[in-house]
Amino acid sequence: MVTPLLDNRTLDKIGLNRLIEHLIQGGVHGIFILGTTGEGTSLSYLLRKELIDLTCEMVGDRFPIMVGITDTAPEESIKLTTVAAAAGASAVVAAPPFYFGMSQSELFQYYWKLADQLPLPLFLYNMPSHTKINIAPETVKALSDHPNIFGLKDSSGNAVYFSSVLHMIKSNPSFTLMVGPEEMMASTILLGGHGGVNGGANMFPQLYVALYNAAVARDIELVLVLQEKVMDISQKIYSAGVSGSSYLQGLKTALSLLGICNDFIASPLVNFEAKEKEVLKSNLAQLP
Amino acid sequence: MVTPLLDNRTLDKIGLNRLIEHLIQGGVHGIFILGTTGEGTSLSYLLRKELIDLTCEMVGDRFPIMVGITDTAPEESIKLTTVAAAAGASAVVAAPPFYFGMSQSELFQYYWKLADQLPLPLFLYNMPSHTKINIAPETVKALSDHPNIFGLKDSSGNAVYFSSVLHMIKSNPSFTLMVGPEEMMASTILLGGHGGVNGGANMFPQLYVALYNAAVARDIELVLVLQEKVMDISQKIYSAGVSGSSYLQGLKTALSLLGICNDFIASPLVNFEAKEKEVLKSNLAQLP
Amino acid sequence: MVTPLLDNRTLDKIGLNRLIEHLIQGGVHGIFILGTTGEGTSLSYLLRKELIDLTCEMVGDRFPIMVGITDTAPEESIKLTTVAAAAGASAVVAAPPFYFGMSQSELFQYYWKLADQLPLPLFLYNMPSHTKINIAPETVKALSDHPNIFGLKDSSGNAVYFSSVLHMIKSNPSFTLMVGPEEMMASTILLGGHGGVNGGANMFPQLYVALYNAAVARDIELVLVLQEKVMDISQKIYSAGVSGSSYLQGLKTALSLLGICNDFIASPLVNFEAKEKEVLKSNLAQLP
Amino acid sequence: MVTPLLDNRTLDKIGLNRLIEHLIQGGVHGIFILGTTGEGTSLSYLLRKELIDLTCEMVGDRFPIMVGITDTAPEESIKLTTVAAAAGASAVVAAPPFYFGMSQSELFQYYWKLADQLPLPLFLYNMPSHTKINIAPETVKALSDHPNIFGLKDSSGNAVYFSSVLHMIKSNPSFTLMVGPEEMMASTILLGGHGGVNGGANMFPQLYVALYNAAVARDIELVLVLQEKVMDISQKIYSAGVSGSSYLQGLKTALSLLGICNDFIASPLVNFEAKEKEVLKSNLAQLP
């Protein structure tokens, strides 16, 4: 879930409520807040806490909420988990600490000790493009033995990696394996993956739920039809700009054009310029 | 196809013949020589020419032969293509030049001009881990307009990339899209890809052909069974060593243990040490 | 300056006081706390604030204190600067935000807006190995026009980069250019650089001050003698372990062996194991 | 030395002769052909042999000639060395093979075995931006024991790396350490390095020889004056374009404007466009 913002210090509360209702009506099975798409690392702790409280309050028990706690300081991750637990969230999600380079052994120790101290179950988050480190399949396998670690969200885009993890943890059916990139959700589900955590679902939740269902049902014909729509979104919305953050800029601009929430992007990233907004508007109109 | 060698200057001709017959009996639809698995860039030009001639002679017209011409010097790629054409090969395959960094525009110009001069059709080869550059989907799309460029082998492992290319060139049904990593062949075929160029087929061609057929037939149950075998091979054969070239070392050692060809690896890479060979032998015995 | 710790939540206050007095007696011209060597990003905000307050109190006006505010959330950098200003620090230091990838234009906007809002002068901090982005010489040049930005600490190790920045900002004599790596402090001063922010000065402040003075005086003979000692430290202390954090592990272990402060390293990094400590102890004894 | 070309298959022989005389009159102590600046990896073997023969013939015994033999196929490196030895070259230079990733142990074995087989002394060439691998200081140290390996050209730009190698091999005074980037030649000589292999010397050999002499004489005042000129060239000639090969494009365009040789750049790289040539022409006129 994106974080609707008015400026660097202020949530777009009306937009947040509209977005949550949009997602619920769209049939999604849960939400992940304060992830990469949620700009978690860009927000002050005060704002992160406010978002957790408000979201939990607005959602109630209508679906589970997962909260991103990725941080370079483990103590802050623990504090945020305490906030999330008090607010009623279901679980937390942590990518590796991303300032210092780490070995797989250091990474294992980090996650194991962190999971020991958290009052909520922990979901691993592989995001090498942003964290500079890949959680090796062997490390995922070893961490899956921890009673408080129950899954992995893989946003590497690497299908060989995902297949390796899937193969390694197949003896542990309670460990959940999801992918970030929506472009590969269907193919990974067909091969045994458990789902997707897809940014595009902010805009079109029904489409992604339908694609998920088609893949689970192994209805390849339908998968191909829906996959085309997903790829159209990927190329028309996420690639409308030239910056490395074109994905987030496109997504937030589209949400604003769709009347769902404000398009402000937290510093250090910046919004689309006027010209890019025009491109996006035109691209959005072309989506079937 | 691997290149069976006795030493840095000498082909293992008996092994080469045995390997080719093994592949033909295994039902593969064609072979790719002098690729990454074939150690093309490590061999002298004399040896590359010898391999092309011998292979074409041994295969005859039993299946098509594609020849790797990846080089930093375009003139050498052109000369090798002339050799391949004279010997009766069907097509050539080129990864980007890999010494100088290049922009997508420079890459486009390179491939376009190269294709103009080649006496055989050209297959693009995306291999960013070795060449330092990704052939962007937009560049593939633009190059697909060249009458002498007819396909792409993608060895990036990146499923988002592959889906993007697939989506972009769907209006050109004669452009062929294949993947290198066998771990993702089935999932890409299910989503519309056209096949795999898989190193493991050197050892067990029937398995990979069966997986291909199951994916084409959309028989997901069978795909899952065969995919497990493929993943077992990936983890037991390719990950038996600690070096970055463990894949090639494992593959060649296994081929030697299976009695197909010699396991010599051309310099600058080196063979498994005795201890690693023991691990591999034991792993190979565990394969079902 | 390293951050002396008893555990993840507790400062080693006695060690901190001993270290500060050691540095003052060693003749250093100022200190930089909460940098990379200070494990700033690994510490909770509570601990960072405590360290700022305590250090400012212990130092008084004996030398200037610079405080690291590197963060992915600009709001937290601003809050920490407010704490630093209230405690009496002289300036703050910020490396680029390091979660999202950024363009040079985004980076320029980030720094410019940040400097606008800070109650203390800002020192740029180039640390591409940890932040994934290089502050381009052109960006440094453009930022040097901001009245609240007064210098750059370059820890890239790249002498071509440093020379380029030096050349570009030579028309602005009030802009200060320092290097992080002590191995290149002398050579950069000889060519016009202004100093070093060297981790080794925690152990042997007099040596690094002497090297600085020799370079400023252009006494090459003395520079060569002292440079040898600095390189001995680099190879015997910082390379005693095998991990990527061997530098920090070696430095903190040496400080502990020298009786200055505790050697605890904050999670996510870990301390040397017993065997590595023995190597370091032996190496330390060999230093002249 | 750049390679003067008329097109991908033809040397600019008149330009080559003019360039060689220009370098001799400029006082350089030797030349390095077929390096990165010489586009060695882009040229056909036929052309490389022709260049070696012609250069050796034109130079005679007026200064030593070093020949780049960097290749992914060791056999080709050996063959080229035989050509160089027959033509009268003094030594050869090899960067690591750059297609397959390698470990330091594999790299050591590669160089050791290569040096065993070469009929000329071997100079190591560290060029991690192009080869994807750094020759670790420990590996240089180990290789310096080979009787046929006598030096290192470091083009990493990394001053910490260079200082580490310098420190490690100081017990072997016959091992020669030079840097590629001219921006750091003076500072490395001041600290004990032995010289530079500088692309800019193609244009202005006297300037770089003067800078070398000033650094050897420890005349810092003069070094600073000349270093400014070198940095002006770096920023006005090498950064006139936007491509990653702007350095080579700028250098060859300037040589053409100076009337020394043709500016053709071998494929896969491309020449400056007209607009960039105008920028360069104007920049060149501004050089003092």
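Letters are used for the chains, namely A, B, C and D, taken in the order the chains are written, and counting of residues starts over at 1 for each.
Here is the rule we go by: a residue touches a chain if its C-beta (ideal position, glycine included) is under 8 Å from a C-beta of that chain, and two chains touch if they have at least 3 such contacts.
The structure presented is a predicted model; accordingly, all values stated were derived computationally and were not measured.
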Review point. Measuring between mean CA coordinates, which chain is farthest from chain C?
Key: B
Practice item. Give, as an integer number of Å, the spacing between the C-alpha centres of chain D and chain B. Key: 34
Study note, to complete from the structure: Distance in whole angstrom between the CA centres of chain B and chain C is 48
Exercise for review: Quick one: which residues in chain D touch 2 or more of the other chains?
Suggested key: none
Point to revise | Pairs of chains in contact (touch as defined earlier), listed by label | key: A-B, A-C, B-D, C-D
**Study point:** Residue ranges of chain D in contact with chain B within the complex
**Key:** 8-9, 36, 41-47, 70, 72-76, 79, 96-103, 106-107, 109-110, 113, 129-132, 243-245, 266-270
Review point. Quick one: in the complex, what on chain C touches chain D?
Key: 157-164, 166-168, 181, 183-184, 186-188, 190-192, 218, 220, 223-224, 227-228, 231-232, 234-235
